[in-house]
Structures are given as C-alpha cells and as structure tokens.
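Note that subunit A is present in both complexes that follow, paired respectively with subunit B and with subunit C.
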Partner chain A sequence: MISLDRASLRYGPILGLSPTTFELPDGGGITGLLGPNGAGKSSLLQLLSGLLPPSGGEVRIFGEAPFRNPAVLARLGLVPEGDRLPTGLRADRWLRMMGELSGLSGEALQAAVAQALQTVGMADRAHLTFARMSKGMRQRIRLAQALLHGPELLILDEPFNGLDPEARLTLMALLRDLAEKGTRILVSSHILGEIAQLTDRILLLFRGRLLAEGTVTEIRQLLDRHPVELRLTGEAQALARWAVEQPELAALRMEEDAVVISVRSPRDILPRLQKAAAEGGIPLRALDPLDLNLDAVFQYLTKDHA
Partner chain B sequence: MPIYAPTLPPAPDLSQGHPPALVLLRFDLARLWRQKIGRFFGFVFTAILLIQTAWIYAKFLMQTNQTLRPLEEYSKGLFAQGADFQASLLNPTMYLLWFLVALVGGGLVARDSLYRVRPLMYAHPVAPQDYLLAKLGFASALPFAILLPFALLPWALSLALAGVHGPVWVTAPLRLLPAMAISSILMGSLAVGASSLASTPRAGIGWVLGLVLGAGTLTSMLHGLTGLRLFDGLNPVMLAEAWPQLLVGVQHPLVAWVPALLGTVFHIGLWTFVAASRTRPSEAVI
Partner chain C sequence: MNAAPTPMATLRATARGYAPRVLQGRGWVLAGLVLVPVALSLLIFTLIRLKGGEASSTEAVKVFHEVLVKMMLPIMALVAAPAGIREDLEQRTLPLLLVRPAPAWALPLGKGLPWFAWGALWLVVGVLGLQVLGGDPSLLPGRLVALVGAWWGELALMTLVGLLFKRGTLWGALYFFIWEPLVRIFPPALQRLTFTHHIESLAGSRAAEVGTSQLLAQEQVSTHPALALLALLLFGAICWALAGWKLQRTPVGLAGSEGEG
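Let's look at the complex of A and B:
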C-alpha cells in the first residue's frame, strides 16, 4: 500500500526527512509514527498525503506517486495536526463542501456525510457551528471529513494533541474500529504511551531519520543491546553477591536496602532471577525495572543517533 | 494488488461531483449570503440601484409629461447626456465596492491560512490552481455581479421607455460589461493577493485597504512630483473607475489608455502571482 524508496524531503537548505525506505502492506491495521518534535513525522506525512513531492527518491501509494495525483488522493484521507476550524461555519455544511471536493454529489454526498457523522458519533451535533464545539468534537469532525470518501488509507498527524483522556479513549476506539473494518491507518505522535495503546506496529523517527521499524516487541528487543537498570529490593549484600555472578551484569550500585544492577539482555537474566527468588536462593522482596519500557528504547535509540 | 481491501465497504462514486473550483466558489458565496455583511451590502446596493433607476424614470417623465417640464432644465445638469453619463452609471458603487471587496476578499485566503484549511483541501483531489481559481473567481464575480444590474437595469428601462432616444445608449452594455469585467478582475486579484499575505481575516482587510490607499497616495505623490499622468496607472481605484470611461469613449478619462493597460496588467499579474505563491501546497503544509 505504501512504499518509500530512499524518499527524502528538503525545505531549501534544511533537511526535513533523510532518505527513508520502508513499506506498509495492504489491508487494515494501525501503524504508529513516533518521534519527538522535529523528527520528520510531519514531513513524512506531507509526502504520503501528496502535499509535497519528494526532494529525492520515490514515494508510492497504491502503486502511484501521490503528489497532485487525484487517483491516489481520492483513496486517502488526511487529518492534519490541530483542531482549528472556521468558527462561524456549521459542521454539516462544511462537511458537505469537503465531500463535494472529493467528487461526491447528490444522494451519495448526503449518505456519505451521514455515514461519516455516524461513524465519529457526531450525527446529532453536526448542526452546531465550530465555535460551539469542544476540541474533541472538532477533532471528530476533522476525522469525519477524511472519512467521507471511504479512504483505504487514513493519515492522522498528532490527533490526540489537546484532547482530554475521555476524548482520547473515544478517538482510539474509533480508530481501532476503522482499522478492524479494513482501513489502513497511520498515526503520528510524540507520546509513546498513546501509540503503544493504539497499535503494536511502529515507525520510529528521529532528526529526519527512520531509526527503527517493527512491532513493539521487536523494538523492545533492541533493549538487549543496551544495559537496563533493575532495582532489587531486599537484603542488599546477598543480592549483590548473586548479581556479580551473572554474566549479563554491566554495573552495580548499592542502596540502603536495595541494589541497582545494570544488565545486558534482561530477557535472559529475568527468568533466572525469578527462579532464584522462588527457590529462596536470594532474599528478594521487590523488583523494579527502572527503564524497561518504550521510553527507554526511544531514549537509547535516539542517544545512539544524536 | 487489490484496489480495495476485501473488508472495506464499496467506495462511494466520486465521479459525479462538480469541479472543485466551482464547489469552493459556491461555498464562499453561500457563506457570504448567510453573513450579516452580505445582507447589509445587498440592501445598500439594491437601494442605490433603485434610486438610480428612479432617476432614469424621472428623466423619462420629465421629457414626456408637461407638468414636469419646468424641471427638465434642472435635470439636464443631473443627466448630462453622452459618454460621461454612460460611464457614470457605475460610479455610485465604485468606492463602496472597494470597501466591500476589502471586507469580503480580505478574509478569503487569510481565513483558510488562520484555520489551516488548505492542507485539508489539498489532501482531497483539489489542485492549488482550483483553489486559486475559486478565490479569484469569487472575489472578481462579486463586484461584477453587483455592477451588473447597475449597467443593465437602467439600460433596459431606458430602452423600454424611450427606445434609441433614451438617455442610456442602446450599445452601452457592450461597452460597460467588458469594462466591468476588467475592473472586477482587478479588484478581485488585488483582494486575493493581499489576503494571501495576511494570517488573519482582519489583517487581510487591512492589507487590501492599505494597498489600495497606499497605492493611491504613492501615485498621487509621483504624479505631483513628476507631473506625469503615467503614474496614475498604478492607482487601482482610478483604474477601476477609468475602464468604463475608456470603453464608452469619455473625452478626458481619469487614466489614459496606455497607463491603464499597463497598470491593469501589472496589478492583476502581480497579485495573482503573489496569491499563487502563497497558496502553494508547500505554504500550506501540515
């Protein structure tokens, strides 16, 4: 469905996206595009949504270049970052206009608007002006405009920004539902937790480069290359004695009633630790992984490339 | 590669719609009509039109009705016959039109910039040319549509009441309509270009008024300093007023043919270029 072959984007002398290569297969599913601000997420989405041509390389969606290509644009929906919409307008009128821009008219247009509003749960509030809508409602209308023409690929840039937790969960449920029905969704975010809740497939961007691609589990395995800190609480001396015998140990730090160990390949050492504790071989009261999460992966990977 | 994934519902038929430029133009028009400003100016221009038409009718009565004969001498001053009178059919609206074009046109592109609507549009099958055409079309069609009855209604009334002897020439629309079109495109392109420079609708209005007044002041200064009337061609207000005069053959038009042609081409070209540059997809990125 999506394929990039060394696609890059420059804004004059500034490199927005380094030559990037990846592919997303056909069919439904959600892919998270992760990266801090300035990582190149929006640049990548601009290429994919046909707003800009690549400065180098090739971008193909549905087998064709998306830039100014109505055949591709008619099959994708874009929800750019932000929640602002012209305040004086009524949502239903604006949606009808956006539907017409996609080539809908007459009964097909009415049906598409009604369907999109139903999907985003705004059917009974579409007569309101944007000024009278909350951020979450406006975000849902923005999503509705992208759904009007039944896109196979939906691209959302930071859709959870500024949403309260309830609206965030609602939007996540909506996206999952769309993905289950066969829509391929690409969501960008700089917050790992959001993406982790939504999908297990991630593209990790940093400073205009694609750092990693794969499932959350696959990316987590990248941790094995880096020492991970674990706090073992209990009788510190005995725990330290056990720890120094482990081949994965990289560093050790004593605390009052705990020992903090830094280990490589935590997936190897954790079962042994569990077994030793269960057999009473070590006086372990608590185990806290200090950085065994996606944030750690992100920090490690970005540190490598900084 | 399947065109549609098997689990997706059938895609709606996207081939029945109207051209995007027409959709956008119609949307802007409907939006203006729903706003108070649209209704207010609609009322004002209708009132002016009715007054003007009433004058034509009064003139006819004065010529045909004995009881009104004493007023005829007085009316001749008001209704100077000839080319000046034909060109003056559009005059009462010109300054008000500039004001309306500034108020409405100033926000046309700026509003979309403020709310970042263009990326949404460009992600649909809408080319930047469609967008620009819609905005220029709307900003130009608005003054043209307002001017249209000012040219046609007096002409039709004059023709109906007095035939070829009426105060309005039988051929007046043939001269006035092209002049109105040129003046309207001039107004529209300037408004859209100025609006594309602004980031809010209010700033857009300021830009239009600033450019119109600024260009007027500048040309007056240049004219005053050099004594050359050539610089009058840079004044958009004078240009808009000069075109009806030029095409109906007024003896001393506000701006002569050559400066009018050069100035009009310069303004339309410049402001269309500015608007095109400022509404490219790269200027409307996410």
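Let's look at the complex of A and C:
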C-alpha cells in the first residue's frame, strides 16, 4: 500500500527528511509515526498524502506517485495538524463541498456526510459555523472530512493535540474501530503514550531519519547493546549476590529493599530469574521492568543519535 | 472508489461551498465600495435640486470614471482577491482541498466565482443608481458591460498576483494606482495595456469632460467596444488559467506556504 524508496524531502537548503525506505502492507491496522518535534513526521506525511513531491527517491501509494494524482487521492484521507478550518462556513455545508470534491454526489453524498458526522459524534452540531465550535469539535469535523469518501488509507498528523482526555479516548476508539474494519491508519505524534495506547507498530523518526520500524519489542531487540533495567524487590544483598553471577549483567545499583540491575538479553536471564525465585533460591518479592515501554525505546534511540 | 470530480463539478462545488462568505463582512465592504459613493452622489444632487440648483447630467459620467472606475473598482479587487484561494493559502486550509481528487487548477476560479458574482451585482446596482443622476441612456449598457468586464479581469489579475507573490496586494495596488493613471501619457500601444483604456472604449470616453488642466500628453486612442470587451474577458480568463496552472504545479505543504519539493 505504501512504499518509499530512498524518498527524501528538502525545503530549500534544509533537509526535512533524509532518504527513507520502508513499506506498509495492504489491509487495515494502525501504524504510529513517532518522533520529537522537528523529527520529520510532517515531512513524511506530506509526501504520503501527495501534498509535496519527493526531492529525491520515490513515493508510491497504491502503486502510484501521489502528488496531484486523483487516482491516489480518491483513496486516502488526511487530517492535518491543528484545528484550522475556513472562516465563516457552516460545518455541514463545508463537508458537503468536500464530499463533492471527492467525487460524491446526490444521495451518496448526503449519506456520506450524515455517516461521517455520525461517526465523529457531530450530527447534531453540524449546523454551527466553525467560529462557534470548540477546538475538540473542529478536530472532529476535520476527521469527518477525511472519512467522507471511505478512504483506504487515513493519515492523521498529531490528531490528539489540544483534545481533552475524553475526546482523546473517543478518537482512539474510533481509530481502532476503523482499523478493524480494514482502514490502514497512519498516525503521527510526539507523545509516546498516545501511540503506545493505539498500536505497538511504529515508525520512529528523529532529525529527518527513520531510526527504526517495527513493534516496540522488535525495536527493543535491535538495541541489544542497550541494557534493560529491572528492579528486583526483596532482600537486596542476596539478590545482588545472585545477579553478579549472571553473564548478562551490565550494571547494578543497590536500593533500600531492592536492587536495580541492567541486563543484556532479558529473554535469557528472565527465565532463570523466575526459576530461581520459584525454587526459593533468591528472596524475590517483585520484579519490575523499568524501561521496556515506548518511552525507554525512544530515549535510547534518540540519545544514541543525538 | 469514487470517480474524481470533473472540472465543472469542482467549479460548482467550490463556488457553492464558499458562496456564504460573500454575505459576511468583506462582502458588505465590497457592496459598500460601490454603494456609498453612488448614494452620496445621489444625496448631494438631490439636495442641490431641492434647493433649486441645477445638477449637470455630466456629473454622473464624472462619478463613473473618477470614482467607480479609477478608485472603487481596483479597491474592490484588492479587497476581494485575498478572500479567494489566497485566503486558504494563508489560513493553511488549502491542504484540505489539495488532498481531494478534484483538479487543483479549477480551485482559484471556483473560489473566485462567488466574489465575481457578488461584486458584479453591486456594480450593476451602482451604475443603475448613477443613471438616476442623468446621462445618456444609450451609454448605460456600455457602462454596465465595461464595469463587469473590468471587474472580471481585475479580480482574476489580483488572484493570480496573490498566488505569484507573497505581497500580491501591494503589487496589485502599485499596478492599479501607478500604472493605470499613466494611460493619459502613454503612447497608443501602451494605452491598450490598461483596464482604463478598455473601460473607456466600452463606456464612452470621459474626454469630453476633460478640462484644460487635464489635457492629454498623448492622443487618446480607442478600441472597438466588442474588441475591448473581448480583451477584458480574455485577459481575465488567461489570469484565471494561469492562477490554476500555478496552483496545480506548485507543491503546497501543510504550513500553507510553497514547498521546495
């Protein structure tokens, strides 16, 4: 569905996206595009949505270059960052126009507008002008315009910015639902928790480079040189004695009633740890991985490339 | 998958979608630019007549040429054009249109049509209002066609300039208020490169009303009215086409400005 072959993007002398290669397969699912501000997320999304042509390399969506290509644009939806909408227009009439610009007409158009408004929970407030809408409402309308024509690929740029917690949860549920129904969703964010709640399949960007691609676990496996931190709670002295005998140990730190160990290849050491605890060989009361979440992966990767 | 909309469907959709914009503040400013000078003229001439004075019918011609043509029409174009496709560029809402399968080249005209229609409506009302002051009724159709034709051309020109230059309004103002007045001293070939020349060819020259202090440095040339109208319409069509071509070819990113891709 999405294929980038050394695609890059320049803004004059500034490199927005280094030559990047990756593929996303057909079918539904959510892929997170993760990176701090300025990482190149928006540059990548602009290439994918056909707003900008690549400065080098090749971008293919549904097998074709997307820039000003109606055959591609008819099959994708874009929710750009922010809540900007044309001033002075009513949401329902604007959506109608956007539907017409997507090739819808007649009853199909009416049904699509009604369905999109229903999906985003704005059916009863669509008669309002954008100026009278809250930020969350405008965000929903922006999502509705992207859903009107039933896109196979939905691209969202920082869609959770400015939303209250309830609206975030609602949007996440909606995206999961769309993905289950077969829509491929690409969602960018600089907030790790948001992406982690939606999906574990991520593309990690930093300073215009694609650092990693895959699930959190897969990416973590790429980072064997970075030890994983585990907190072993129990009798610290005894736990430390056991830990120093393990070949995977990289570092050890004592706490009052725990020991924090850094280990390489946690898949090897964890079974031994569990076995020793079950057999009473070590006084272990609790085991807490400290850095197996997305934040840790992100920290590791960006620190490495900074 | 839906079929991409035709250019006509795109024009229809954008014109209808953005039509409500003309009924807001900027649209009424546009109406006011025509109606206020005409209404003031009517008021002044009515007062003069009420006091037993005699208002010359040539005053209507002066208001037409000196106020509507020279001042208000360019200001209308400078006010309306930024509310066209340039507005979406500046408000960063253009990407929402450009990710649609509709032909991008049709968008400037589609968004400009409501403004053209709205402005044309008030220009017609204004010219009809001036007719109340007097003047030769046989010149009325020429005046109407001249103003509406020039409005088409000037709005198209400003839309194009707004897409070509960041300070499009400034360049437009320089054109209207520095280049156009030079028509009085231009040689014949350059006179034809002004809106004023074609408007006067259609609406009747104001030369008869020129005082000795306003003597022309060059002989004033005239173009056949049909050719003058054709020139205005063609010039407008070319400007709309160029604006569409510019938008179609130019990468416009999420930031709204042109990309370098």
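Criterion: the second predicted complex is superposed on the first by the 298 of 306 C-alpha atoms of A that agree within 3 Å, B and C clash if a C-alpha of one lies under 4 Å from a C-alpha of the other, contacts with A are read in each partner's own complex, and residues count from 1 in each chain.
Going forward, contacts are C-beta pairs under 8 Å (C-beta built on N, C-alpha and C of every residue); 3 or more make two chains touch, one makes a residue touch a chain.
These numbers come from a predicted model, not from an experiment.
J.: So, on subunit A, is it clash or fit between subunit B and subunit C?
T.: clash
J.: Contact-wise, after the overlay, does A:26 reach subunit B, subunit C, both or neither (first, second, both, neither)?
T.: In the superposed model, A:26 contacts subunit B only, not subunit C.
J.: Touch test for A:149: subunit B only (first), subunit C only (second), both, or neither?
T.: both
J.: Once the structures are superposed on A, label A:63 by its partner contacts, choosing first (subunit B), second (subunit C), both or neither.
T.: After superposition on chain A, A:63 lies in contact with subunit B alone.
J.: Determine, under the contact definition given at the top, whether A:80 touches first (subunit B), second (subunit C), both, or neither.
T.: So A:80 meets both subunit B and subunit C here.
J.: State whether A:54 touches subunit B only (first), subunit C only (second), both chains, or neither.
T.: Only subunit C; A:54 stays clear of subunit B.
J.: Given the touch rule stated above, what does A:12 touch, subunit B (first), subunit C (second), both, or neither?
T.: second
J.: First (subunit B), second (subunit C), both or neither: which does A:182 touch?
T.: A:182: touches subunit B, not subunit C.
J.: Is A:106 touching anything from subunit B or subunit C once the two structures are fitted on A? First, second, both or neither.
T.: First partner only.
J.: According to the stated criteria, A:157 is in contact with first (subunit B), second (subunit C), both, or neither; which is it?
T.: The answer is both, since A:157 touches subunit B and subunit C.
J.: Using the superposition described at the top, list the residues of subunit A that contact subunit B and also contact subunit C.
T.: 11, 42, 45-46, 49-52, 68, 70, 73-78, 80-82, 84-86, 88-89, 93, 97-98, 100-105, 108, 142, 145, 149, 157.
J.: Quick check: in the complex, which residue numbers of subunit A touch subunit B?
T.: Touching subunit B: residues 1, 11, 26-28, 42, 45-46, 49-52, 62-63, 68, 70, 73-78, 80-82, 84-86, 88-89, 93, 97-98, 100-106, 108-109, 111-112, 142, 145-146, 148-150, 152, 155, 157, 181-184 of subunit A.
J.: Can you name the residues of subunit B that touch subunit A in the complex?
T.: 1-18, 20, 23-24, 27, 30-31, 35, 111, 114-117, 119-127, 281-282, 284-286
J.: In their complex, what parts of subunit C are in touch with subunit A?
T.: Within the complex, subunit C contacts subunit A at residues 1-5, 9-10, 12-14, 16-18, 20-21, 24, 87-88, 91-93, 95-104, 248, 251-254, 259-261.
J.: Along subunit A, where are the residues that touch subunit C in the complex?
T.: The touching residues are 9-12, 42, 45-47, 49-55, 67-68, 70-71, 73-78, 80-82, 84-90, 93-94, 96-98, 100-105, 108, 142, 145, 149, 157.
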